[in-house]
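Structures follow.
Two complexes are shown next, each including subunit A; its partner changes from subunit B in the first to subunit C in the second.
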Partner chain A sequence: MFLSAEKVSKKFNRTKDGASWFYAVRETDISIDQGTLTAIFGKSGSGKTTLLNMLGGLLAPSEGVVRYGENDLYRLDDKALSLFRNRHIGMIPQGSTALTNLTVLENVLSPSLIYGKQEDGSISRAKELLKTVGIADLADAMPNELSGGELRRMAIARALMNSPDIILADEPTGDLDDENTQTVLCLLREQAERGAAVLIATHDSEARSYANIVLRMNAGKLEPAS
Partner chain B sequence: MRSINSLPIKNLVRKPARSLALIFISAFLALSAFGGTVMVMSLSNGINSLSARLGADIIVTPYAATSQVSYDSVIIQGKPGQFYMDSKYYEEIKTEIEGIDKITAQFYLASAKASCCSSRLQIIGFDPATDFSIQPWVEKSYSDKLGLYDAVVGSDVTPNTDMTVEIYGKTLHVQAVLDKTGTELDSALYVDIDTMKELIRAHNEKNPNQEKTIDPDNVVSSVLIKVADGYDIDEVAGDINLHVRQVKAIRTQNMISGVSESLSGVSATISLLMVVVWILSAVILAIVFTMNINERKKEFAVLRVLGASRVKLAGLVFREAALYGFLGSLLGAGMTVLITALFTPAIENMIGLPFLLPPVPVMLIAGALTVVLTIAAGAVTAASSAVKISKIDTGLILRGDD
Partner chain C sequence: MFFRMIKGALFRQKSKMIMIAVTIALGASLATAMLNIMLDVGDKVNQELKAYGANITVVPKENSVLTDLYALDGQEETAAAHLKEDDIGKIKTIFWGFNILDFTPFVNTTVVLDDETEVKLTGTWFNHHLALNTGEELDAGIHSLRSWWDVKNGQWLDEQKEGTANGGAMVGTVLAERLGISSGDSLHVKTSDGEKTLSVVGVFDSGGDEDEQIFTTLATAQELSGTKGLIDSIEVSALTTPDNELAKKAATKGPGSLSPADYETWYCTAYVSSICYQIQEAIPDSVASPVRQVAESEGNILDKTQLLMILITILSLFGSALGISNLVTASVMERSNEIGLLKAIGARDYRISGIVLTEIIITAVVGGVAGYFMGYGFAQIIGQTVFNSSIEMKPMVIPIVAVLIVIVTLAGSIPAIRMLLRLRPAEVLHGR
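Entry: the complex of A and B
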């Protein structure tokens, strides 16, 4: 058990005074292990992204615990939790998440620059990653010059920059054509085979054939997929 | 990019329109602070220079001259004008009034247009043997004795290429150009008493139909007095007014106080304007900066995802605000220097008060303080954005439609 959530719930208020609220995720358990690719399917609004954010140290659960090994992530202070996220988690959020004033290469480099200065091997690693995701020729382009699929591939390369041991991908194949979908899923599968714990939240049934474990999110509850 | 701390520079360079808007607002802030300070200091320097130059405790003028609205500006600021009294009053004060340490007479003659200048020129005659008002000031630029038809000129007088000035057909030899005072004294010409007498004679010849011919050997324009230690200035002035007829003795301090009052009025107005513009610019800067940061919430959320702590995000916001503040303050300080250099003569004419720029080291210190102040203002206006950004709920911002 590498990264796990025990009985996590997330409650959001609909009104500021808290008189009205709803559960996005309710009493859910999940564990993701090194060397496995876990896929969570589910309709929009079923709570997949909320669960990923809780696992990624971005959203504290209302109830329950998220553990990395034996450590409760949300008992860490913000500095330690942020450093943990930078060193151990490669997150691929939904949609376009480019830093718009940086080039594609600088975007990919950015996780390595948050807690340190650019090292000798950083640029060659970033370029290698861009080559792996098939957009090496766009290294000097600005994000607004890229298509949706290219932006998604850039986000994947960026997530892999610090060689994280946990990869959380939210709809990684959204907006992508069949060929790019295959490329991205292969890439995530390779990361799992390298030893990372990979979790993807997706609508894309294609992901099923790449996953070791398949789960379904239904109205905030996680259950084994049929 | 060597470090994430360079991100504000990338943001600045790659969004030039947005950056320029923020830099210009910061520049306006710096311009109001630095420009206002330079204005107030220049006015204050001007009045100090006047006071120091006069050097006298009491000035005695013909009583009739006191009814002339601008007689004090003729004496204090060197505006072209002339009045005379019989020189016997000068002798009378010298011999009959107690408590005088130093006493000297001055002569004023407002010339017609001279060869050097496009407007009237004030000629001031002094007696080198007794003078304590003009001589110390002249000595800073020219230490020898002035001979017949020698002159020293104010900084705004441009002599002919052979260093001469033609007045009433007489050729005066310019021996030195004086330091700037910020008053119309900068457009005056200074000669000794003998040259002055010759110029008055020449003036009389050129103006045979004038109402009253000036007798150069028996008139003076004003008498300047330095009171001896242990005597009360007001009492000495009162003694003169009581015992010498046809003259008016005025304490110099009181004479300057009129200019001082105008000066403090102008200074107060400038200071108030400076504060209003400063607050207004700071509010606009805060609004524009907050809008700019709000538009980029998603970018900050992405940085959180990549591992930036709340403190780091706030630091990036502050760094960006400080960068705009720094560049804006340099631009604002530069604009102040440019405006001051280009418009000082116009400002002097417009406000009608002495205006003397502070020395370069003082300007540099004021400029450096402006830079610090503008950066601090940028940081303060960014504070609420930084706090807001440090508290963003990344999960909610990135939750999308799920």
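Entry: the complex of A and C
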């Protein structure tokens, strides 16, 4: 058990006074182990993104505990939790996310630069990742020059930059054509094989063949996929 | 990456940063202009207040007693006691000598003209150059103390050019009209002590009794009245602090009624009563009395002018802070997705706040420097428009404005930084 969630729920208020609310995730258990790729399927609004965010240290659960090893993630202070996200989590958020003032190469390098000096080999690794996701020729371009699919691939390269041991990918193949979908899924599979715990939330049935474990999210609860 | 992001933000959000810089520049310019004027306004307002004339009169002690006894006003002639001309300069040596803006002595006498009519003749300084024992040099006289005189014909008597003993004179319009004289004409006058032909250099309109008089140099009047080295009175224009309870107590009950501590405070404050007291100490056998309305008005005008400028400065800076607050908050909202991403990849709140604050401070420095020079221009425009002279730029304003800009910028950025700290990456990355 590497990263796990125990009875986690996330309640969102619909109104400011809290008179009305809903559960995005309800009393859910999940554990992600090193060397496995877990795929979660489910309809939009079923709670997949909320669960990923809670596992990634970005959203505190209303109830339940998220553990990394023996540590309760949300008992860490801001400094420790930020460092945890930087060192251990490779987050691929949904949609197009980029630091618009930096080039594509700098965007990919950004997780390695946040906590100090650039290490030897960082640039060559970033370039290698860009080559792997097929946008090496766009290294010096600015994010606003990229298409949606290219931005997605840049985000994947960025998530892998620090060789994280946990990769959380929210719709990683959205906006990608078939060829690039295969490339990205292969890449995530490779990460699992090198020992990372990979969790992807997706609608793409293609992902099923790459996953060790397949789950379904339904109305905030996880269940084994049929 | 830190500096690259800042550089990128500064250039890629050029229009927003220019708006912030302009907002800061406007606040800084008003603060610069107002602070410089405020610090320089004392001198400027003093120059303006000279138009009100003297606010202290000094007469011999004996005359003062008679004036008080018979309730005579300053225009009436009293007994023939005199002050010494040599003592006049001592006025500038009192504790509050720096607040003495101008002064002039008077010798009054009655002269008989060729048509046997009697006319009042006053001897005084016009623009007398004075070299004090302290080494200070200054020009004093009625030229600035009677700045409202309208010289209808000819010009002001220039003592420094024409000398003090050559019989130059200025004549009031009513008298000049009656005698049919104008500048360049001569006027023969005589007294029991002598006679003299005066050369009329100007005809003035004072709007008062002085229009029926002759004004000449002090030496000429002393010669005609036989009072060489003596004077009747002195008018003094001094910058004073408005009276408070302490000053009123000292004025009504005398300084002797004050406790030693109160006396010290009173003596070391530029109340009109303490300046009068110090003049009396400096000039033997004299009584210095305030022309209270003028003295109080001057102090009040100066205080109110400075208060107005402080309020304008505070309001302009408050306006700038509000403007900065809106612009920076809008900037953070626009970049919430990026800020969320930075948090997601492990950036700590203080680092992200540091990026935003550094951007704003750099913009503030640019805006502040531009604002300082704009303020310099505003100050000169205001100086020329209101005081007809340039405003001296005080170096101490630079650090004050710099500190104010930093405070205003940081205060204006607080709502944006609070918003930034509250941003939840999970929500903004999900597009909420």
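The rule we apply is simple: the second predicted complex is superposed on the first by the 226 of 226 C-alpha atoms of A that agree within 3 Å, B and C clash if a C-alpha of one lies under 4 Å from a C-alpha of the other, contacts with A are read in each partner's own complex, and residues count from 1 in each chain.
As a convention for this text, contacts are C-beta pairs under 8 Å (C-beta built on N, C-alpha and C of every residue); 3 or more make two chains touch, one makes a residue touch a chain.
What you are looking at is a predicted structure, and each value in this text was computed from that prediction instead of being measured.
With both complexes brought onto subunit A, simultaneous placement of subunit B and subunit C is prevented by a clash. Contacts of A:86 after superposition on the shared chain: both subunit B and subunit C are touched.
Measured by the number of subunit A residues touched, the leading partner among subunit B and subunit C is B.
Once the two complexes are laid over each other on the shared chain, residue contacts for A:153 go to neither subunit B nor subunit C.
Once the two complexes are laid over each other on the shared chain, residue contacts for A:78 go to subunit B and to subunit C alike. When the shared chain is aligned, no partner comes close enough to touch A:26: not subunit B, not subunit C.
In the overlay built on the shared chain, the residue A:109 is in contact with subunit B and with subunit C. Once the two complexes are laid over each other on the shared chain, residue contacts for A:44 go to subunit B alone; subunit C is not touched. Legend: residue contacts after superposition of the two complexes on their common chain; A:125 is shown touching neither subunit B nor subunit C. Superposed model on chain A: among 6-14, 168-176 or 186-194, the stretch of subunit B in collision with subunit C is 6-14, the rest showing no clash.
Touched by subunit B in one complex and by subunit C in the other are residues 49-50, 53, 56, 58-59, 78-79, 82-83, 85-87, 89, 91, 93-95, 97-102, 106, 109-111, 113-115, 158 of subunit A. The residues of subunit C lying in touch with subunit A in their complex are 1, 4-5, 7-9, 12, 337-338, 340-349, 351, 424-426, 429-431.
Interface residues of subunit A facing subunit B in the complex, by the touch rule stated above, are 44-50, 53-54, 56, 58-59, 78-79, 82-83, 85-87, 89, 91, 93-95, 97-102, 106, 109-111, 113-118, 142, 158, 170. The part of subunit B that touches subunit A in the complex is made up of residues 1-4, 7, 10-11, 13-15, 298-299, 302-312, 393-396, 398-402.
Interface residues of subunit A, counted against subunit C in their complex, comprise 49-50, 53, 56, 58-59, 78-79, 82-87, 89, 91, 93-95, 97-102, 106, 109-111, 113-115, 158.
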